[in-house]
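Note that the chains take the letters A, B, C and D in the order they are written out, and that residue 1 is the start of every chain.
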Amino acid sequence: MSDNRVPVTILGATGMVGQRAVQLLADHPWFKVGHLAASPRSAGKPYREACRWHLPGAPHGGVGDQPIVACDADVLTALDGPGLALSALPGSVARQVEIPLAERGWAVVSNASAHRMDPRVPLIIPEVNAAHLDLVAQQPWEGALVTNPNCTSMPLVLAVTPLHRAVGIEAFTAASYQAVSGAGYPGESAWDLIGNVRPHPGDEEVKMASEPAKILGDLVDGAIRNAPFTGSARCVRVPVADGHLVAVHARARRPISPEEASDLIRAWDGGGLDLPSSPRPVLRMTDLRDRPQPRFDADEGGGMAVTIGRVEPCPVMGLKLFCLAHNTVRGAAGAALLNAELLHARGLTPS
Amino acid sequence: MSDNRVPVTILGATGMVGQRAVQLLADHPWFKVGHLAASPRSAGKPYREACRWHLPGAPHGGVGDQPIVACDADVLTALDGPGLALSALPGSVARQVEIPLAERGWAVVSNASAHRMDPRVPLIIPEVNAAHLDLVAQQPWEGALVTNPNCTSMPLVLAVTPLHRAVGIEAFTAASYQAVSGAGYPGESAWDLIGNVRPHPGDEEVKMASEPAKILGDLVDGAIRNAPFTGSARCVRVPVADGHLVAVHARARRPISPEEASDLIRAWDGGGLDLPSSPRPVLRMTDLRDRPQPRFDADEGGGMAVTIGRVEPCPVMGLKLFCLAHNTVRGAAGAALLNAELLHARGLTPS
Amino acid sequence: MSDNRVPVTILGATGMVGQRAVQLLADHPWFKVGHLAASPRSAGKPYREACRWHLPGAPHGGVGDQPIVACDADVLTALDGPGLALSALPGSVARQVEIPLAERGWAVVSNASAHRMDPRVPLIIPEVNAAHLDLVAQQPWEGALVTNPNCTSMPLVLAVTPLHRAVGIEAFTAASYQAVSGAGYPGESAWDLIGNVRPHPGDEEVKMASEPAKILGDLVDGAIRNAPFTGSARCVRVPVADGHLVAVHARARRPISPEEASDLIRAWDGGGLDLPSSPRPVLRMTDLRDRPQPRFDADEGGGMAVTIGRVEPCPVMGLKLFCLAHNTVRGAAGAALLNAELLHARGLTPS
Amino acid sequence: MSDNRVPVTILGATGMVGQRAVQLLADHPWFKVGHLAASPRSAGKPYREACRWHLPGAPHGGVGDQPIVACDADVLTALDGPGLALSALPGSVARQVEIPLAERGWAVVSNASAHRMDPRVPLIIPEVNAAHLDLVAQQPWEGALVTNPNCTSMPLVLAVTPLHRAVGIEAFTAASYQAVSGAGYPGESAWDLIGNVRPHPGDEEVKMASEPAKILGDLVDGAIRNAPFTGSARCVRVPVADGHLVAVHARARRPISPEEASDLIRAWDGGGLDLPSSPRPVLRMTDLRDRPQPRFDADEGGGMAVTIGRVEPCPVMGLKLFCLAHNTVRGAAGAALLNAELLHARGLTPS
């Protein structure tokens, strides 16, 4: 590892997504773990004492001795000046920290929902709408703030993008089968999920309905014009550790056969991106009738690929398919990291 | 228990649904267990030796000493003449036995898929389309053959019936969260389902798309005219023991608000049926945002009630809701038993 | 239900065990729900608002409108004077409330661990050591305080009691397979238990090692002399909703064959108790090689029976067996309720 | 990969353990996949058609096009003469094939139970009793037959070996928490394991009681003299995909403190073996009170390490601990592969 890798400060380093970010940075070619920021209560404690490690593999990603820093814009900026931050914060805390950091010159790639729908903030999946990054030049802050979508929107948007680009997707209905890691830690009670499934009581369905239209929109005259893309989802938590499966029924502007759809998906190259965390291929088709399945497919492409299967005709909407992504990698920490890589490649991170 | 209860012969008594039928008959006011029919290989063996008991409670439903009879129309008829039979057979075996029994004068209430779409055979949910029973009078057999829908169609059809009767439902998209008991025993491999969900590789989705239109159809000039009801489903097996949850997006002929829909569901009395296995109410609404859930709701109404929740607007189809039923009770053995009760009440069983 | 049933105040009514207690009292012939006591924070709120109901069946046990009372000895006593209380409190809160209640004249049957090993407090399983109730007469309080064992000790002690009475059990090693309801709500994180098992990090093993010797001891000269009964346990949480399975290896004073052991277990009548919650039989033997299993056996006897299987020779300790009990019924709320019934039958509850 | 890697014929290539063997050979430095042998019914079919692939990662290990060969000693020998075979066969088939292969000059490393207790056949864990390999020189066959222990014996024996070598372990009681992959595919029914645990109805407990004494025995005058090591186990299947956890209570010839035991385990180097599949370290200690856990620890050391935790005093046996190993890697395919590496390093494979 070269010594001059860029440090990435992790906001919310002790949570499930923060731990994934630490893990993904362990062997990164461009980046390394910078500050580990968390609640002021934990400040000063070594990372290993500030949280239990929730992932397999080397505990605390090799940085267990590093002390926690308070997740505060002034405190963080005072340390080494503005830098690159990856936010794995819950929405309420993100609201207090992310814009103040951007104001102080930080480049913040956020997984939080707080600012996703802010018209000043691009909601980016690099393979889908890297062009939205131009919005950053107009941001009123010295730094930059870029977000990635919700973990359930992610596989849906990636799966329909090749179809949308080719024929225009107008509407979808979807149902999710969501892993418990999406709820963080401790997250869901085992009592609720053992031998059971549970309709998601939060606003997950709202996010799935609103985020795709922004991501698939066009940047026109310095503003994002949403795609005419209407969606409705049902979200359900299932007893799975990692990997969100989504069943999608989609309506296109013109009839599209499963064969054509499959060919479009297979031919799609995700904008030809070549970032360190880009999976090859981005979309992976399975021909098995009982796949994708989270336990077997979520880790594909280092957790960054989306697996698609059962592309079939739907007499109501036109087309149906299953798609699946690792929710804390492609759907969270890895998504933010890919955005950080994109920012860095475009020269949008502080030097 | 009165001695003159009507014996019900169970076809396929050793399987998961057959065992449920035996269990449901244990304390039935009108019926009792008649012959236990299964594969000729098991003929003569006591029930307790012919199969492992898969359900909680008293093993073999108190009839463990009763010998198995070969599931063959001639053999069965030779015993005591034609009677009432409840078929819990797999489709392929049902095809060889059910019509021969009807020809010999039996009244067969079948849970098998073999003859569900046969135009001569009514596909009945007593609360929904008891009127279709008139088709029996035209059947070319001395006896009768009546079927019930697939375990996943069942909650869907019951949930939308009050809406369909009031405003006309035209189309639905649905996604299921199906319990493993629906696959029989041994059914799904534990390896496939632990910490995992699995798209159903069979023809479950085809059944969900075709059965509702027949059930909701009209009997006109001695034939069932399907309802103009188009559907498309995605079916997924989840690690749940009993209880199928279905997420439904539905389009009605005119806009219908969640409040109106909820009121219609609450007001629906299921045709005012008063059969021994009729639940009260048939449809049970929950106001909790994270319900219905299979582990907590499947046993409601003795496993015969359908629980409905989260009736909400859908920007694509108009309305969305969750519904849930116990798949081997309301969706299989209990459904066939309710049909048997209906036949009996209408004087359509051999005396 | 007669109107003059005795009210039982539930201490800790909002938790998993408190809810079970409310549920078990719903149709009780002697008792009814008295006050619902919980954290002062909840005081005044209707029960249905003070907690989510975690059990199947009628939510809030039919007393959802009843207001919560602060769980404080003075507050509770001021309401209607001393009465009968069932404590489902966590240990730390129990320590502050149970003795003050006893001092004010209450009869407290506690499931908490706080006072189980207090030499003044009997640790009672009615079928095993009802005689220890004589200790109550010596208690320094106007009222009484009686406890029941830990949910994992319970099946172990009940299973070995017939053997201990006949031949003297000296030592055991045990391993538990514990359901998540034993951790209360929210208790275990789903992330930790899905497709996983987890060694219990708490002091469960200490309780299993110490409680049996007290329960099986003798009351001599007004004090309990522990049985010479040494034990060692390993406790592991498994992804099961309800029902603790325990694998026991036991050493007796003289060799005992599995046949003799099984006969002793089958012949044991649990002291011939005839209380409303006494199961018949107390110990239930299964001959199936793959039983007992929590999902199929925990509810036997209304959750109050212990199921025992695979009584076999052990070349190291002499004898081995599996035993299983419903951990929140026989191992918690039902255990305390049975103790309440015993106290009441002996005239030891306030009148 | 060098072209002159030694081909390893997989006996039983289509099963769960056979697939693991294929997977482990994909990138092996010494070996490559030779013939894929399975039931004559599958002979001639490409591997990908002969079985569904049950593991994550590249389906069919990159050899999906290779045709299946009948698992018959004459057929296999006729192909290229005797070679090195890894047997992943069920016991009954192993009995018919393994000795005939050894008679024809093959070196067979078998995971099957068929010949484990045959006095002519060493039962080897390379780190523990590589010296037993001398038994091969006396085998009456032109080739060699070497076995590895049962998947549940494996972690137990590895965990106690450092203690046994230092102070002599005399007896143990154990309880297992066994993953479903140990039952092969389809193996356990999902119905039996969802939200449930199930006492193992087979002869697993017998194997755990008998195999360790042979493995820890001495080779004296050309015969293995069993160690004076008595054991008794309870085996239970739990809803876990991979990884067997074992709770062990052990009695040594003299008292041994947890500290001394932990030091011995940490210091043990497994005979200093340096084979391609040897993990570093062989035994891995965890200090976390709730570990080892299968989902987090089974993959350590490529699935070949054993994780040990909670080494604590036991008032009955002296010492207790938890140990865990990946059951289809360290406990099956990887165990046989390590034996193959040992045979090869000692020049005992056909050249």
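By our rule, a residue touches a chain if its C-beta (ideal position, glycine included) is under 8 Å from a C-beta of that chain, and two chains touch if they have at least 3 such contacts.
Bear in mind that the values here come from a model prediction, so they are computed numbers and not experimental data.
Fewest steps needed to get from chain A to chain C, stepping only to touching chains, is 1.
Counting C-beta pairs in contact, the pair that comes out ahead of the other among A-D and B-D is B-D. Greatest Cα centroid separation from chain B: this falls to D. Between chain A and chain D the centroid-to-centroid distance comes to 40 Å (mean Cα coordinates, whole Å). With centres taken as mean Cα positions, chain D sits 47 Å from chain B. Counting partner chains per residue, chain D shows two or more touched chains at residues 192, 194-195, 239-241, 295-296.
On the chain C side of its complex with chain A, the touching residues are 16, 54, 180-181, 183, 185-195, 239-241, 295. Within the complex, the chain A residues that touch chain B are 171-175, 177, 192, 194-201, 209, 230-232, 234, 236, 238-241, 245, 247, 249, 251, 289-296, 309-310, 314-317, 320, 322. In the complex of the two chains, the chain C residues touching chain B come out as 55-56, 194-195, 241, 295-297, 299.
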